[in-house]
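Please read through the structure below; I'll follow up with questions.
Note that the chains take the letters A, B, C, D, E and F in the order they are written out, and that residue 1 is the start of every chain.
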Amino acid sequence: MIELTPEQRDSLECAGISAIANALLGLGFRNVWMRHIAPVRWHGGRNMVGPAFTLRFIPAREDIDTLENYARADNVHRCAMEKCPPGSVLVISANGEIEAASAGDLMIARLKARGVAGIVTDGGFRDTPDIAAISFPAYQRAPATPASPLRLHPVELDVPVGCGGVPVYPGDIIVGDAAGVVVIPAAHVAAVAETVAETTAYEEFAMDQIERGRSIFEVFPATAQSRIEYAAWQAARSTS
Amino acid sequence: MIELTPEQRDSLECAGISAIANALLGLGFRNVWMRHIAPVRWHGGRNMVGPAFTLRFIPAREDIDTLENYARADNVHRCAMEKCPPGSVLVISANGEIEAASAGDLMIARLKARGVAGIVTDGGFRDTPDIAAISFPAYQRAPATPASPLRLHPVELDVPVGCGGVPVYPGDIIVGDAAGVVVIPAAHVAAVAETVAETTAYEEFAMDQIERGRSIFEVFPATAQSRIEYAAWQAARSTS
Amino acid sequence: MIELTPEQRDSLECAGISAIANALLGLGFRNVWMRHIAPVRWHGGRNMVGPAFTLRFIPAREDIDTLENYARADNVHRCAMEKCPPGSVLVISANGEIEAASAGDLMIARLKARGVAGIVTDGGFRDTPDIAAISFPAYQRAPATPASPLRLHPVELDVPVGCGGVPVYPGDIIVGDAAGVVVIPAAHVAAVAETVAETTAYEEFAMDQIERGRSIFEVFPATAQSRIEYAAWQAARSTS
Amino acid sequence: MIELTPEQRDSLECAGISAIANALLGLGFRNVWMRHIAPVRWHGGRNMVGPAFTLRFIPAREDIDTLENYARADNVHRCAMEKCPPGSVLVISANGEIEAASAGDLMIARLKARGVAGIVTDGGFRDTPDIAAISFPAYQRAPATPASPLRLHPVELDVPVGCGGVPVYPGDIIVGDAAGVVVIPAAHVAAVAETVAETTAYEEFAMDQIERGRSIFEVFPATAQSRIEYAAWQAARSTS
Amino acid sequence: MIELTPEQRDSLECAGISAIANALLGLGFRNVWMRHIAPVRWHGGRNMVGPAFTLRFIPAREDIDTLENYARADNVHRCAMEKCPPGSVLVISANGEIEAASAGDLMIARLKARGVAGIVTDGGFRDTPDIAAISFPAYQRAPATPASPLRLHPVELDVPVGCGGVPVYPGDIIVGDAAGVVVIPAAHVAAVAETVAETTAYEEFAMDQIERGRSIFEVFPATAQSRIEYAAWQAARSTS
Amino acid sequence: MIELTPEQRDSLECAGISAIANALLGLGFRNVWMRHIAPVRWHGGRNMVGPAFTLRFIPAREDIDTLENYARADNVHRCAMEKCPPGSVLVISANGEIEAASAGDLMIARLKARGVAGIVTDGGFRDTPDIAAISFPAYQRAPATPASPLRLHPVELDVPVGCGGVPVYPGDIIVGDAAGVVVIPAAHVAAVAETVAETTAYEEFAMDQIERGRSIFEVFPATAQSRIEYAAWQAARSTS
């Protein structure tokens, strides 16, 4: 499992997911952004960041996905809430199903109590008004009110899955901001965190310059000249 | 027409629609939640609750759905706004059409003035910024700016319809919270209200326990042991 | 290019887009409202109003839409940000593509700095949290995080395009409110602005009457009688 | 109920539905073609032509749409098969539902035995291989294998409905060719049949001319000159 | 693994999938039919019948799904073609992806050579014209021309998957006719085969009666009286 | 404009579009296959092959897209039929619109008479039964019965467009087989034609071997050993 340095964590918690997607594109990864996934409510502050722990759903079957089986101690859905490691992000592959809930407010409160970093599903949650009231990063495609066993069968934990059209391998670093979620392949987290820290700083400079009236062509993408100015701008800031 | 007791009304006005859907599932009803329907704006407070009064739309026809006919005294669309009984919910079957408005701000203001409890369409409304400013429960699929007669013809009132994929019979109890809308078949309202009052109280206990660090397996779904603890927790609360 | 009079501008900046769509329907235009387009964030106040300046995208090709070409001085996408005239609205035809960004926060900040009136795409933007923080009208279908050249190739500026299912000709007047966007063919702006000023005033009267308990049939659509009352109501207001 | 003359019937049985849609457009009807509807199998020969007899479905409910109720003598779905008049077309409004069958091979065989002219649904049929083997016009959106009561509740017969996005009033003339289905408002059948007979004859001439190498501009749409040539061509044909 | 008796195999090879879905509904299984799945070409004759052997895809990743890895001996996609047991049906879970092929003509020819009973994907195949020319049951959602590794990563074999919205467990019996595919849970194959043999025989009688002019109410669903007649009809047939 | 050699033409007319897409993938082009596009009817024989000549549609506007303007000599839609060069393929960008026809049988007959190689739209055609009867390659997304000016406005000819999600530049080589359409960037036609000729020959060998019982691993993708065998197989064939 990847252990993030404080600098890497800072970089990923403060960057926009677009900057992260750009850094991954520079490494050859074109498909890292989950389509149609947004937070139930954005509570402000830093991004959700943590390694992926996955849960795989398939469609339910009437003789297997009974309420009795749901209540069993080996129910994989409920086990996910107890086994997802603190600090990690529970990523649920629900194939876009919103006619049954990927989780509800009690499960999400349990994840929060256990120190989990967040939850992502490409289906949806029930009790979304209650989830919105919990200060916990929860991303979904759309609300999904009906009971989970009506449509979803939990098969296994911590295997490679697809979520929102993106491959997610256990241990990949999941980042969510106010807009959505990107996936960083574990082996590339260090490179991404470093690149993103740089581009975020440069874009702060570029935004400052644009607000002063400079053109897109002068500052974005960076030019040889703008990099020189950026270095001066940074030097001036650090001495002020 | 069902007359709700104050206790039943309290139960349905304070429960989440997920809890209501669960209670209906216990009675064998699997399809009670309207897909892709949300409030124009949630104004906080209690749920929308009332018996359904329905309006059925079909696609418009150029020689019938003229502005002249729209202005007639027997126009079924406008009649709906005057005939929907106080306390009831106007449920509009628009087959998902968002290229013409199911209603606008004047109609909705009229429903409010007449004491109607709310409005639901599986199409959309025009004037949504103005509707958002009215404190009145109004649920839709998406905004629908163009004039109603451009695409929608009102056929009849108070007949069984589909709305958001759910069957709605006149008199069914419609409940809307911050997340969406469920339909309770009229004959089952008493049973649902009772079950929901119980599960809502139990889930309050369960949430309290989870915030104290207990596991999902200990409290959800309820176990024989957790029910004993719940009884004690309730007793303690009522004496304090 | 149409030059709006102050009265026309007032009319269009204060009307709802539904009223504008209605006025256009009266002139025979049925398809003026962009489907599934909403502001990234509505900042309150008056509508976005300005003549359309267009950018046409097609799908990207790997040998043309390189990052090197993106950085060139003749890149049509970046040129759009520098050439869109102050006061106009940049309308982007992206064919609904949300797997690459139609623009990002730096581009939008540049449009704002140059005095452009707003931006509309039927695709989406990257950096939407940052765009939401800029007080600038920006309308999209959904967030679109990945880099533009991954999927979008900018072909040309200021040609007729489709956006959100509506034809947009350069110079058409684009109006956006809290709910969405409508397009007014340039030759009809004066007529629309005048009609809309009248209907907006009448609907203020109608809303007042409905809040006092009058029926839909008495005031909407206007009747011969209600027009008389409206004249009196207006006269009373102007003398008070 | 409209009684077609032999000439009208000939005209409508031999025209393409595009020509009929064009004739209706000339009368101001823009929305007459059912979207995404095609024959299960096209058996060649003349078009399906007949007045609409309608069946309206809404979503099913577990306590109403039981197999017991399905077997009752007053089941509206099965009544439709016995009551649809010989010569008419059974038009089923299923709201696009394909997770339950609008009809099966036995029902369709019964319609054929009773002399009904055809069946159209905007949902789908079960037993489509068997239906394909029956020489009977049957139009659908897509195959729909599961049992009807699983998702569909039959409400009423012979009321105005929407089907494939088009309004259908009882008695409207339904025409289906190898490509799809159009709806002719009953009051306009005579005018449409006459126009279509003319345009079909002219297009035969135009096709002949185009095959001889003439340009689109010379023959389509018809010009003053081409009409003269057409008259001569027709005269020549009738004397040969 | 279920071993079908010759009678069971006969029953399932000759029944329509609607009859099988009905039999499963009688056992409480409502979700057994794959949505939007059809044969590339139907070659006539008996149904595809065999136990499911599954392949699970997730979205591809650029550093894993290289052409080099595709050519390795442990590539799970190619292994599926060699390991799927003779007589079984290869069921591929592709999450509806049609921008990369679930298989091509060489793979399908290999399955045929190895005696596999058929292949089903909820994505699509490349080389569909060539596949159509092979007499082998191949079911898909739509053609999918691009190379598999462009979008699809093969994760594992013979695990529970979803396909076309239906749960498929290894060993479930897959049946495909000219219209589509249904899934029979392994433990219920004997009951289904028996029921289906009976209903198929009865429906042959019912179709015969309907062609003779009897009503739906007399023969479908079966009544006490029609069952008596059916018994007589069968007795007459067996003696003739 | 690219002039194909007879060998290149042979190669492209006989290859499957999957093989062409593979060759383009080898050159770095991932997006060359039009989604959801199929021939109205496949008449057998060789592929459609020719350079693209494009027509760009946007949504129609009531005051511009009148039947009068449609009949004018400068109507861009009709001009396309007269100006598309013999041997080329008319590629129409209709943004998926199927509620108005991209072309009809007369236009397509004119293209055939003029020696055009084929027509492709990402919308649809009217008169599809008649088009099916003409032996001319015509590809679409779905039938589109209503008159063109109802929804489509022709803007310009021979500009870069998107069609079926793929960029098409004038002069790109368009290839259509029984399954669909791919686009070859003009500069890469020679390389693609050569590669495809080789892979098609090798795959003939591979198919022969698989039919003799060899495994996928032995022959696909090609291995060092299989290439030696292939050389021998070819040598044997050429001497027999």
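Here are a few things to note about the model shown:
Here is the rule we use: a contact is a pair of C-beta atoms (placed from the backbone, for glycine too) under 8 Å apart; a residue touches a chain by one contact, two chains touch by 3 or more.
Everything numeric here is computed off the predicted structure, so don't read it as measured data.
Separation of chain C from chain D in touch steps, taking the shortest path, is 2. In terms of the distance between Cα centroids, chain C is separated most widely from E.
Relative to chain F, the most remote chain by averaged C-alpha coordinates is B.
Against reference pair A-B, the listed pairs A-E, A-C or B-D yield one interface repeat, A-C (criterion: more than half of contact pairs the same by residue number).
Taking shared numbers over all numbers used, the chain A to chain E interface scores over half, which places it in the same class. Between the CA-based centres of chain C and chain F the separation comes to 37 Å, rounded to the whole angstrom. Chain B and chain E have centres, each the mean of its CA atoms, that are 40 Å apart. Each chain gets one centre point, the mean of its Cα atoms, and the points for chain E and chain F are 32 Å apart.
Counting only residues that touch two or more partner chains, chain E has 30.
Per the contact rule defined earlier, chains pair up in contact as A-B, A-C, A-E, B-C, B-D, C-F, D-E, D-F, E-F. Taken together, the chain A residues at the contact with chain E in this complex read 28-31, 58-64, 95, 153, 155-156, 159-162, 165-168, 185.
On the side of chain B, the complex with chain A involves touching residues 16-18, 21-22, 25, 30, 33, 35-36, 38, 42, 177-180, 182, 203, 206-207, 210-211, 213, 215-217, 219-221, 223.
By the touch criterion given at the top, residues 67, 70-71, 73, 78, 81-82, 98-99, 101, 104-107, 109-110, 113, 126-130, 132, 142-143, 145-147, 150 of chain E touch chain F in their complex.
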